[in-house]
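You will see chain A twice below: alongside chain B first, and alongside chain C after that.
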Partner chain A sequence: MIGSPLLDVANLSVTFGSGPAAVRAAVGVSFTLEAGRTLCLVGESGSGKSVTALAVMGLHGKGAHVAADRLALAGESLTGVSPARLAAIRGREISMIFQNPMSSLNPAFTIGYQIAEAIRLHEAVDKAAARRRALDMLEHVRIPDARRHLDSYPHALSGGMRQRAMVAMALACRPKILIADEPTTALDVTVQAQILDLIETLQREFATAVLLITHDLGVVAEMADEVAVMYAGRIVEKGPAAALFDAPAHPYTEGLLAAVPDHRSARKERLSEIPGNVPVVNREIPGCAFAPRCARARPVCAERSPRLEAIAAGRASACLRRAEIEAERAGHVLPCREDRHA
Partner chain B sequence: MAPAPASGPGLATTVPAPRRVAFRRPGAAVIAGVAVLGTLVVIAVVAPLLIHDYVSINTGARLLPPGSEHWFGTDHLGRDIFDRTMVGSRNSLVVGACVALATTLLGVLFGLVAGYFRVVDSVLMRAMDGMMAIPGVLLAIALVSLLGGGLWTVIVAITVPEVPRTARLVRSVVLTLRELPFVTAAISVGTSTPKILLTHILPNAVGALTVQATYVCASAIIAEAVLSFLGVGTPPDIPSWGNVMAVGRQYFQLAPWIIGFPGVLLSVLVLAINTLGDSLRDRLDPHLARRSGL
Partner chain C sequence: MLKYVGLRLVAVIPVVAFVVVAVFLLLHLAPGDPAALIAGENASPQQVALIRARLHLDEPLLAQFWMWLAHLGTLDLGNSIFSNQPVARLIAQRIEPTLMLAIATTVLTVLFAVPAGVFAAWKSGSTLDRGVMLMSVSGFSIPVFVIGYALIYVFAIQLHWLPVQGYKPLAGGLWPCLRSLLLPSIALALLFSALVARVARATVLEILSEDYIRTAQAKGARTPRVLLLHALKNAGVPIVTVIGLGFASLIGGMVVTESVFNIPGMGRLTVDAIMHRDYPVVQGVMLTFSVVLIVVNLLVDLSYSLFDPRIRYRGK
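What follows is the complex of A and B.
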């Protein structure tokens, strides 16, 4: 890593409510994102991925309390900036697309108008020029017959087209960072692949960094340079995607990988799962938050809190039994899916 | 091989541009509503220009029943009921339109602020509750005794208790809309708060507001008639349906036409406006529209 990273988040915590009933949705989250790279935040529902992203954008509601040692975009701190400055940063420097393309566009305006508006918020261009740029963006996101769809209302478009329009709106001012919060969850599988492909293409073209939030490890494998796995509001493992997929260093990551259904397996067997649910962190959890669901848990896991510690170049894991997992793996061939199913 | 035709239906492959709302043939009730409202608007505009003498007293022609000379009959002072009713329609429509406009403007202002800025919400809405508690008739009596009777006094007196209803409607729409992803998405591309309110929230509330405005208009027309009937509305020198009917009350058994004609017109006008409001709601409400396959 050279110089200061594009997005630098250190010790970010998001708390809802106050006092003993406060829910800590994100605790001590730290990550960095370099220009043009893709970082995936992975985890089950309720693990704090979306909350982290919304906090970075400053879009968390009034009920959420956000604190961070450092939350900086290209060296400029995002904590405590004026609403006007924040509005200037959003869209221009950092942009976001959302899970549900059906309701992410204003039903009262044409998509061309909405994209042109997003441009005119940040650049002093006249309406005609903004409209030409909007058309250009619609062609970039490969909406067929873009000239006609410039004047389409959102309800006339399919989910995939709307998400393309959202991408066009988010990238209209060429922001340095695109945050994509489960951008394909609400779409058909075939459309999912197209949207991901589109994001990747535009990322290369505009040199945008992408913070991709997903629970789909297939998406992670396709898109990610780096991965951060979140559980109960904390990052439990992070590292380069390939290394993390090859040799997960945290039992939760192992569990997530094992839970991916394998279509190559001929046997019709029960899918592997992680028993239980993500806990709501509204009290201090003694020990590891994952311990109650962990196949490798030992009594010590319920007593001592694991810290996120570096384990190799660019990799870190928060597991007390990491050394044992590594030793076990060193003795084996790399576990592949069939082995774990057995 | 036969030569290809120079033109044919197969060549017309251009896709029609997407339209905002698919046109649907209006129903008979809507046509009737538009016809009634249109006729009365024309009367309200034209009648005061054509009919000049609607106040002079003609004691020789008192309480005449409807006939060829006095179509709607005459009242106890021999004034022509047809003339007074036609001229009076202006009063009703002006009050209805002004109250609907004023109520909508004030309701939008209060509703947007209360719905979006939670800090002022409870203060503003309690004030609205207070306004709602003021009976329109009492307020009108108070205002008339303070300011003297007149068209504007009547409009203010009817507007005050109507504003909270519209403000509540707008607030509830804002509360729903502000949580929708497109608002968050608009914020995430850097839209400022005033712009969010005016370009993202208000346009999506226009449907509900238009419908509400028609109901406010209809109820304001009735309220004006009630106030004039009670003698605290329009002063007697300006004919209005309400004060024509107020006169008719005393002579109901002798001359039912005095109260009958303006009463029927009042009912028909209010029914027409409500019918239009209902059909607007059916068109503008996305849930109802979807059900009917728009």
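What follows is the complex of A and C.
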């Protein structure tokens, strides 16, 4: 890696409201995204994933206050940038698709118009050329009968087709980064895989980096190069996907992985779950925010705040008891480990 | 699309039929002998009999209705009892100032209230938003004649910018006509804007929280484009609806405005006709207003398909 990363976020925080009742939706979030790679932000609802992504786009609402030590796209700072420059970046450098394709397309305009608009907002092309490119994009996202659907209104398309149209619109200007906020959550299971497959294919074709936000570890396993696990507004663990799946370094990640149903298991087991809910961070939480739900918590966890610390190449975890837990686990699985390293 | 237009047109027929019957029955639904009612308290029996014969009130109701309908077919609405002139001609003479006033008012309202509402929604909670809403409440609460006289006092009497009262017909040129209509249409537009701005604000405010607005921003659309294209096109249906509905209440305000500004329009004709118990004129005026309202509502209905493509498809 030479020079600055494509997307560089350091110590990002997003706060709603002010004063003692302020809600800290994201605190000290740092990550980088390299060209062509896929970073997954993982966590339960309310963990701050979407808020982080919207803050990168500058799409956080009026009520949100965003602060960051660094929020830069290819070296250019996105904090304090003029609205005009921000609008020029959105859609051209960074695009975004959303969770609900049913409501994300404007019902009053045709699909073709909305894709062509994305092109014409950033490039000096005439209407006919923009329309041709819109058609080309619709074919790229494999919408059947694309020529006809160019003049269709969103209500005439299914959810999966609408999400394809959203992808077509987002990638129409070949952005460097695509932010996908739970892009398959609202879709049928069979369609989910198709959309993920589509994103992956186009990512390779256009060399786009993807910031994928999801709560679905199955999606992460399929898509991610890097993973950042978020809890209560903070990143609690991050690292390369394979390493993280192999040996989670935070009890929360462990819990999430244990909650994934194993379809290969013949027995009908009760699914493992993490008890409780993600807390709303509207006050200073003493100690670790996950401690009340953590199976491995000790009294110390409620007193001292863990910091995200590097543990191995590209890996980091924020757990006070990580070393102990690792030793504990090593005790259990040591033979297996040795087999593999042998 | 054509089918949608056709269906809307067909739906107008029963409404028109109902209006025609209701206006005809107006005279007969009033308690007592219509002829005596029209003739007044001090009329002699001979005068009452004369009126009864002239209005064919001595014939069976159905025969009267057919006669009335036949005359209506040739745009013959009978003669005024008071001035003895054909009602159709009276209306024709008076309709231009009223229509011009209504059009000027609506144009002013749309030009002012829609942007004001959109702006207030965008800056919701700001001083500007509160200012627009305060104006809206004032427009509702201050009677139109108070606004009218205040406007006359400031712009006509003190500043001499505009004529105090009266109407210059369109035949004398567009500019003099518009000049004579400016103050009355402002007075009326303040009332009308109060309603339209409020609805525009509420609708746009709701739309601004829609996902597709965020999509528009995410693809790089600037605020004016987001507001005036992506949001406003979706707000079209409610806004046009309230303009259409408001048109009906505008007619009431027009009667007052025409009196304040001494405009010889339909409003004054209506008031005079009611004062003189000039039933044929009252019937003619009611019929005219009803037809205008039906046409306005038809246009509103048809305009829906421009804003919302789903309506077009539903008609299929």
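What to note about this one:
Assume the second predicted complex is superposed on the first by the 332 of 342 C-alpha atoms of A that agree within 3 Å, B and C clash if a C-alpha of one lies under 4 Å from a C-alpha of the other, contacts with A are read in each partner's own complex, and residues count from 1 in each chain.
Everything below uses one rule, namely that contacts are C-beta pairs under 8 Å (C-beta built on N, C-alpha and C of every residue); 3 or more make two chains touch, one makes a residue touch a chain.
The model shown is predicted, which means the values in this text are computed figures rather than measured ones.
Look at chain A after the overlay: chain B and chain C clash there. Of the two partner chains placed around the shared chain by superposition, chain B and chain C are both touched by A:Met57.
Of the two partner chains placed by the overlay, chain B and chain C both lie in contact with A:His122. Residue contacts after overlaying the shared chain place A:Leu320 against neither chain B nor chain C. Contact with both chain B and chain C is seen for A:Met169 once the two complexes are overlaid on the shared chain.
When the two complexes are overlaid on their common chain A, residue A:Cys40 makes contact with neither chain B nor chain C. In the superposition on chain A, contact is made by A:Arg148 with chain B only, not with chain C.
Looking at chain A, you'll find residues 57, 59, 83-84, 87-92, 95-96, 98, 100, 103-109, 117-118, 121-122, 153, 156, 166, 169-170 touch chain B in one structure and chain C in the other.
Chain A meets chain C in the complex at residues 57, 59, 83-84, 87-92, 95-96, 98, 100, 103-110, 117-118, 121-122, 153, 155-156, 166, 169-170.
For chain A in complex with chain B, the touching residues are 57, 59, 62, 83-84, 87-92, 95-100, 103-109, 117-118, 121-122, 145, 148, 151-153, 156, 166, 169-170, 172-173.
Contact residues on chain B toward chain A in their complex (touch as defined above): 15, 17-18, 20, 118, 180-182, 184-193, 195, 199-200, 203-204, 206, 286. Only residues 210-212, 214-223, 230, 233-234, 236, 307-310, 313 of chain C touch chain A when the two sit together in their complex.
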